[in-house]
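Sending over a structure as C-alpha cells; questions will come in a sec.
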Amino acid sequence: MSRHGKRRAKKLGLPPGTLLPHVEEAHPEASKITILDYDDKRFHAEQTYLVDSLLPYKTSQTVTWINIDTINDVKLLEKLGAAFNLHPLTLEDIQSADQRPKLDDYETYLYLDLKILSYNQEKNDIEQEALSLVLGPTYVITFHERESSVLNPIRDRIRSHGGRIRRMGADYLAYCLVDTVVDHYFVLMEKLDEKIESLQDNVMSNPTPTLLREINDLKQMIITLRKTIWPLRDVIVRMERRDSNLILDSTRIYLRDVYDHTIHIMDTIETFRDLVSGILDIYLSSSSNKLNEVIKFLTIISTIFIPLTFLAGVYGMNFRHFPELDWQYGYLYFWMFNISAASSMLYYFKKKGWL
Amino acid sequence: MSRHGKRRAKKLGLPPGTLLPHVEEAHPEASKITILDYDDKRFHAEQTYLVDSLLPYKTSQTVTWINIDTINDVKLLEKLGAAFNLHPLTLEDIQSADQRPKLDDYETYLYLDLKILSYNQEKNDIEQEALSLVLGPTYVITFHERESSVLNPIRDRIRSHGGRIRRMGADYLAYCLVDTVVDHYFVLMEKLDEKIESLQDNVMSNPTPTLLREINDLKQMIITLRKTIWPLRDVIVRMERRDSNLILDSTRIYLRDVYDHTIHIMDTIETFRDLVSGILDIYLSSSSNKLNEVIKFLTIISTIFIPLTFLAGVYGMNFRHFPELDWQYGYLYFWMFNISAASSMLYYFKKKGWL
Amino acid sequence: MSRHGKRRAKKLGLPPGTLLPHVEEAHPEASKITILDYDDKRFHAEQTYLVDSLLPYKTSQTVTWINIDTINDVKLLEKLGAAFNLHPLTLEDIQSADQRPKLDDYETYLYLDLKILSYNQEKNDIEQEALSLVLGPTYVITFHERESSVLNPIRDRIRSHGGRIRRMGADYLAYCLVDTVVDHYFVLMEKLDEKIESLQDNVMSNPTPTLLREINDLKQMIITLRKTIWPLRDVIVRMERRDSNLILDSTRIYLRDVYDHTIHIMDTIETFRDLVSGILDIYLSSSSNKLNEVIKFLTIISTIFIPLTFLAGVYGMNFRHFPELDWQYGYLYFWMFNISAASSMLYYFKKKGWL
Amino acid sequence: MSRHGKRRAKKLGLPPGTLLPHVEEAHPEASKITILDYDDKRFHAEQTYLVDSLLPYKTSQTVTWINIDTINDVKLLEKLGAAFNLHPLTLEDIQSADQRPKLDDYETYLYLDLKILSYNQEKNDIEQEALSLVLGPTYVITFHERESSVLNPIRDRIRSHGGRIRRMGADYLAYCLVDTVVDHYFVLMEKLDEKIESLQDNVMSNPTPTLLREINDLKQMIITLRKTIWPLRDVIVRMERRDSNLILDSTRIYLRDVYDHTIHIMDTIETFRDLVSGILDIYLSSSSNKLNEVIKFLTIISTIFIPLTFLAGVYGMNFRHFPELDWQYGYLYFWMFNISAASSMLYYFKKKGWL
Amino acid sequence: MSRHGKRRAKKLGLPPGTLLPHVEEAHPEASKITILDYDDKRFHAEQTYLVDSLLPYKTSQTVTWINIDTINDVKLLEKLGAAFNLHPLTLEDIQSADQRPKLDDYETYLYLDLKILSYNQEKNDIEQEALSLVLGPTYVITFHERESSVLNPIRDRIRSHGGRIRRMGADYLAYCLVDTVVDHYFVLMEKLDEKIESLQDNVMSNPTPTLLREINDLKQMIITLRKTIWPLRDVIVRMERRDSNLILDSTRIYLRDVYDHTIHIMDTIETFRDLVSGILDIYLSSSSNKLNEVIKFLTIISTIFIPLTFLAGVYGMNFRHFPELDWQYGYLYFWMFNISAASSMLYYFKKKGWL
C-alpha cells in the first residue's frame, strides 16, 4: 500500500486538516525559503528563513516564485497557511506526499498536487517525489518533498533576460512547472522502453522462470506510471477549462500542448502494456515449447529402444527348445533387424515432423 | 448471497416498509439512546430509554447527535420514525443491515447507509457493520448494528472544548462520521497489503495447491471492498453537489477531501487486483515449471539408461555364436562404452539447457 | 435462441401488430377475467368472461385491477384493445411472451413487460413467465402467461382493510406488482447461491469433467438473470423519472426503493460471476494438479527402477570373463548397492519436494 | 478485408463521388425499374426502363416505391441522381455494396444503407446483400444488390386492399422495409442457434482438432452479425428521434418496435458469444482431459511392470552364489510376490482415484 | 518508444515552442517551396526558395496550396511562422514528426497533424510519415516529412480543368488531403489482410514457434494502425462540427464521408484483432495437439512392450525349477501369448480413440 494509506491509518480519529509532526524530522533549524521575483524588466532572487518576509510579495504586481524544499516543517506550513490564507486541507494535502495528482480550486488560489517520477536503478523501481503547487494571482508557491535539480532549468530561464517566461504571469510559471514534470515522464518512459526491449530479446533466447518475475515487475511499473498520469490528465483538462480566472487565455493554449503530451504518454503506456502482455505470451509459449521438445526427445529414445530391449530379452530367455539361438548367423540377423527397425522408426518420426 | 437478499426472500409478499421483528432479538428491555448536544459554548451528554425525551433536541438550535447501538428494536424505530417524521422506507432501510452504501434525499432529512469494514483474523474474512445516519437540520441520528468503539474519537473531539467540530453544524458532524468510516478502510487495506506481500513471497518459494484457494479468497475480499467503496463514492459526490440545503458550503470542501480519499482507495484496490492477478500468473507458471523440472529429470534418467539397458540385454542373449562374449576384455569394453555414451548424452543435455 | 426470435422468424412478412393464433391453444371457451375494484372504503371482487362488463371500471374513480391468466386468447386481446384504446403494438407485445423487460409510454397508458423468474429443479434451469402490465389512470390490467400464485399476496393485501395499498392509486398497485416480481428474483438468487456453494465444495474435493458442464450451466443461468434484470433497471428508472403524470410523486419514492433492490441484485450477480470464474480457475488448476501428481509418481517409479533394472541386466550378461559374478558376496553387494541407490534417490526427491 | 476496403484502395486518388464502372457488368441493355404507386384507394404497378417516366411520381401525392435490382448501372444512377437531386456521395454510397449500415440526412431526403444477411449452407458463411433506400416526402427508392424475393411480402401487403400500409405514407413504407430486413436476422439467428447446439453436443462427445476451427468460424459469424446490427441500432435511433420531418410521429412508435427487436438481437448475440466461449472452454478442457487419461494409463502400466521387470532381471543374473535360484519353489514365490505387488499397486491407484 | 518521446526527453528544460536544429540536417541550401494557386478559371504553379514570395497569396481570393517537403528547416519554419502568424506551438508541432493525429483550432487557422502509413516489406513493419497541414481562409500549407508521391493525384486533379476541386475553397482542398491519407490506410489494410490469411493457413498446417513471433508482430501492427486511426476519427469529427467558420457547410458533407471511412477502418481493425486472436488460439491448440499426439504414441509403444519385456525377462530367469522352460512348445506359446496380448491392447486403444 502507498504511504498515504499508512498515514491515513495512523491519523485515525484525528480531525481533518491536522498536520502530523514527522518522526524522522529532527532538525531544529528552520527550513530555507527560496524566492524568485521578476517581471519583464526586473529580477530579484532571495533566500530567507522568515515567513514574514514573504508578505510584501503577496500583493506586489511582479510574479513571485516561492519554493520550499521540505513538506515536513509543520511550523512553517502553519505560518504560510496563515500568511497566504491557505485552507487547513491544503496544508494537510501538502504534507501528504502520497496523494494522486489533483487540482483543488479554492477560488483565491489553485492547489495542484504533482508527482515527479524517476527510475531508481538500484531498487529497480520507480521513485516518486511529491511536488505541491499553490497558484495565486501573482505568486506560485511550490513544496518539494526534497531538494532536487528537476526545476533548475526553469530557474535558469527566469534568470536569463528576455525569455517568454519573463513577459508572462504566474499562471505561465505554473504551466512551466507542470510541463517540466511531464517532460520527466518521457525520460522515465525511455528507460522502460529499454527494459522492454531487453526483456523481449531474453524471452526468445532463454525463458527462465526469473524472467516471469521481471515481466511482472515491469507490468507493475507501467501500472504505477499509468496511475500517476491518468489523474494528471484530469488536472490539466480542468486548468485548461475556463473555470478559474487565475489562468489567462494566453496560457491555456500552452496547457493544451501539455495535455497533448500526457495523451501521448497514455498512448505509449497502452503500447507498453500490449508489448509486455505479448512478451508474457511468448514467455509462456517458449517455456511450453521447451517442454514439448523434451517430451519429443523422450518419445524418440523410448520408442526406438523399448522394442529392441524386448527383443534382446527374448533371446535371453532360457527355453530349452529355442531354434533361433542355434542359427549360425542368429546374432547377426538380430542386429540387422534392430538397425532396420530403428531406421524405419526414425524415418517415421521425420515424416511426422517430430525430429 | 448477502443477508439482505435472504431477508428480502423472507419478506416475500409483505408490503414495503414493513419492519421485521428479528428472531434472535429477545431482550425485553428497551434500547439505550445516547445523546450528545453541543454548540460552540455548551456541551451536554445524556443517556435515555425514552424517545419522548429526544423531542426538545429536534427543534433546538444546538447540534445534537443521537446514537442507538441496535437496528433491531422495532418499537424504538417506530417511535423514532413518528417523532422525527421518518419515511417508512427509511425505517426499513435502517433495519436491513446489508444494503449497499446509499444516500436518499427526503428533503427534510438526508438518509445515509454506510458500512464499517474490518478484518476478522479468525474467519480470515472481511466483517461488515452497518451504520445508518439520518441528517436533519440540527441533528444527526446514527444507528449502529452493534456497540463498537469506532466512533469514540469523534465523541472525544466533541467533548474537548474548542475543536472545529464544536463551531460547525450537524452537516459537519455527518461529514466527520463519514470520514471516520473511510479512514477505517485504510486500516483494512493495510491488512490486505500485508496478506498480498506474504502471498507473493510464498508463491515463488512454494506454490502449493492450497495457495490457489488463498489467492481466490483474497480476490473475493478485494471485490467486497470494491463493492462497498464504489457506491460510497457516489454517496459523497451527491452530498458534495449543491442539491440539498442541509449541507453548507463550508462543509462541502471537506467532503471533497473524503472524496479524494475514496478515489485513492479505489486506485489502491485496482493496484491490489493487478497484484493478485500477477500472483496468480506466477503461481500457475511456478506450478507448471515444477512439472517441467520433473519431466526433464525423467527424460534424463530414461534417456541415459534405456539404451544401456538394451545393451545389457543384448549381452544377456543366449546365441550360441556370439563373438563378443568370448573377448578377454568384453566386459571392460562394455563399461567403457556405457560410460562414454552416458557422458556424451549428459553433455548433449547440458548444451540443450536441460540440466 | 429465445422463443421470441422463433416467433419473429415465423411472422416474417406479416404486418406489424399482427396477432398470431397460437397452435397449441384449442380451448373454444372464453378466458376468465378477474377483477378487483377498491378504494379506501370499498372493495369489490368479480369474475367475468365478457370484456364489455369491464367498461364501467375504465372511468370509475376507484382503483381497478383486471387480471387475465393467458396471453393467447386473440379474440379477448382484440376486444380489450378496442375497449381500452390499446395500440396494436401493445397487443402484439402482450402476446410475445419472450421479450426483454421494457416500458413503453403511450401517453394515455404505460405498458410494462416483466419477467417472473423461478428455478426449475427438474430441468436444472431458470424458468421464465411473462407478466405484461397496462397502467391507466385508475386501472391496472395484467396479463399473466399462466395461472400462478405469485401475485396472491398482493390480492390479500388489497382485501385486508386498512393497508396502505387501499389508500393509494393505480400507480402504487403497479409498483406493488413490480416489487413482487423483483422480490422473486431474491428467491432465485438464494437458490443460485446454494448451487455455487455446493460447486465450490465439489471442485476442491473431486474435479471431475462433468463439473465443468455444471460450472458452464451455472454461468448461463447467471447471464440469463443478468439479461432480465439489466433492462428492468431501465424500466424502473424511467418510471421514477418525472416523464409521465400517471405516476404520482408519493409513489416515486417507493420506486426508488425497488430500484435500489435491482441494483443490489446486479451487484450480487457480479459477485456470482466472480465466484463462478474463481471456481473455474480452481477446477482447471485442480485438474492440472492431479496430472502433476500422476506424472510425479511415474517419475519416481521410473527413476528408481530404471537404473536398477539396468544393473540387473548387466549381471545377467553372459561374458565369459566377468569377475563380479564369481565373488562370494556379489549378490549381496548387488542388493546393498540397489537399496542404498534407491534410498538416496528417494532422499533427493524428498529434498526437491516431489514426494 | 471487406470488398469496400478493396474498392477504396482501387479508387486511390479519384475525386469523391466518382462512380466506378464495374468490370463484371457487361449487359448493354438498360436495367428494369419497378414502380408501385398507391394510396388508400388507388394502386398502380408499372415497369419501365426510362428514368424520365419516374418524374411525375416525384411530386404526386400518392406514395411511390421505386425499386431497382442492381447497383452497378452507372448511367441509370447518374440519371436518377439528376432527376431526384441526389448528392454525388449518395450515388457513390449506393454503388459501394460493402458499407456498414448508416443513415445520412440530406434534408430533402434520408439515405439508408442496410444489409440483408442470410446463411449460405455451401460456403458455411453469412452472405451479405446490400439494400440502399432513399426516403423522400412521397417516395421510396430502393436499390437491391441483386434480384431477390426478400421484399415480396411487402409488395403483397401493398397490393392487398385495406392494409394499414395503404393508409400511411412513404415513411411507413420505409419502416416496413427496415422491419423486414431485421426480421431476416431472426431467421439467420435461428440457424446460428442450431449450429451452436450441434457444436455443444460434439464438443462433449468427441473434441477433435477440427472442432476448434468450427468454433472459430462460428465466432467470426457472430462478430459479423454484431458488426451489422450495431450500426443499424444507431440508424433506427436516429430515425426515431425528431430530427427529420420526413418521419411522422405515427410511424415513430413503429420504429421503436423495430428498435426493440434490434436490442433483442444484440442481447441474443451476446448470449451466443457467451455460449461459444463456453464451448471453447469445454473443448480445451475435454482435450486436456483426454491427455490426462492417456498419461494415467501409461503411469499405471509402467508403475506395475517396471518393478516386476526389475525383479525378473534380478533372477536372470548369473551370480554364482545365488541362494534363491536353488529353492524348490523359487519360481512360484516369484509369481506370488509379483501378483500381490501388482494387486496392491492397483489398489493404491484405485484409492488415489486414478482408475 | 516513439521518436517523439525521445525528442521530448532531449528537450528537457527548454521553453515550449523551441525549435530543435536537427543534427542529421546538414544541407546549407534552402528548402524548395511548391505553390499551386487556382480558382475556377485560373491555375498557376510556382516553385520558390523565398518565403517572402508567398505573402501575396496569403490575402488573394484564389485558393493556394503551399507545400514544403521537409520539417527540419528551422529557418524556413520561423520565417513562415512570422509571415502567416503561426503560433510557436504550431511550429514546434510541425517539427515533431511523431505526434498522434490532432486538430488545433487557432481561430485564424486550423492546424492538423496527420500520419501517412505504409507497409515496409523489408522491415516487415508499418512506416510512418508525418503530414502537417495549416488551413487558413484561402490557403493550405502542408509540411511533408519527406518528398513523396502520395499527394500527386490531388495535384493532377487541380491541374485538370473543370474538376469539383477547382470550384471549391481551401477547406475542400484540406478535405481532399485528409481523404487521400485515409485512402492510403485501405491499401495498408489490404496488405495486413493478406498477411493474416497466410498466417491462418500456416498455423493449421505447421505451428512452428517462430509463428508466435509473427502473430505478435501482426498484433503490434494492428495496434499501431488503431492508435493512428482512433485520434484521426476525433480530428474529423471536430472538423465536421460547426465550431470553425474556416470549414464551409458544403464541405462538411464530404467530411462525413471520410468519417464513415475511418469508422469502416476501425471496424475492420476490430475484425483483424479478432482474427489474430483466433489465430493465436488455433496456434496454441495446434501445438498442444502435437504434444498430445506424441504422448499418445509413447503410451502405445510403452504399453505394448513393457508387459512383453517383463515376460521375456521372466523366461530369462535362472531358477533351477522352472517347468515352462522344459516344455516342447514353450517358446511358441510365448510368442502366441505375446501376439494376442499386443493385439488386444491395440484393439483397446482403438476403442478408446487413441489410435
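Just so it is clear, A, B, C, D and E label the chains in written order, and each chain counts residues from 1 on its own.
Note that contacts are C-beta pairs under 8 Å (C-beta built on N, C-alpha and C of every residue); 3 or more make two chains touch, one makes a residue touch a chain.
Predicted, not measured: the structure shown is a model, and the values here were computed from it.
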| item | value |
| --- | --- |
| Equivalent-chain rotation between subunit D and subunit A, CA atoms, steps of 5 degrees | 145 |
| Rounded Å distance between subunit B and subunit E, as computed from the means of their C-alpha atoms | 43 |
| Subunit D and subunit E: spacing of chain centres that average the CA atoms, whole Å | 27 |
| Where subunit E touches two or more other chains, by residue | 288, 291, 295, 298, 302, 306, 309, 313, 316-318, 322 |
| Topology of the chain contact graph, where touching chains are joined (line, ring, star, complete, other) | ring |
| Chains listed in ring sequence, where subunit A comes first and subunit E follows it | A, E, D, C, B |
| Complex contacts: residues of subunit E adjacent to subunit D | 152-154, 156-157, 163-165, 176, 179-180, 183-184, 186-187, 189-190, 192-193, 204, 253-254, 256-257, 260-261, 263-265, 267-268, 270-271, 274-275, 278, 281-282, 285-286, 288-289, 291-292, 295-296, 298-299, 302-303, 306-307, 309-310, 313-314, 316-323, 352-354 |
| Complex interface listing, subunit A residues touching subunit B | 1-2, 4-6, 8-9, 11-17, 87, 89, 92, 99-100, 102, 104, 106, 206, 209, 212-213, 216, 219-220, 223, 227, 280, 284, 287-288, 290-291, 293-295, 297-298, 301-302, 305-306, 308-309, 312-313, 315-318, 322, 324-331, 334 |
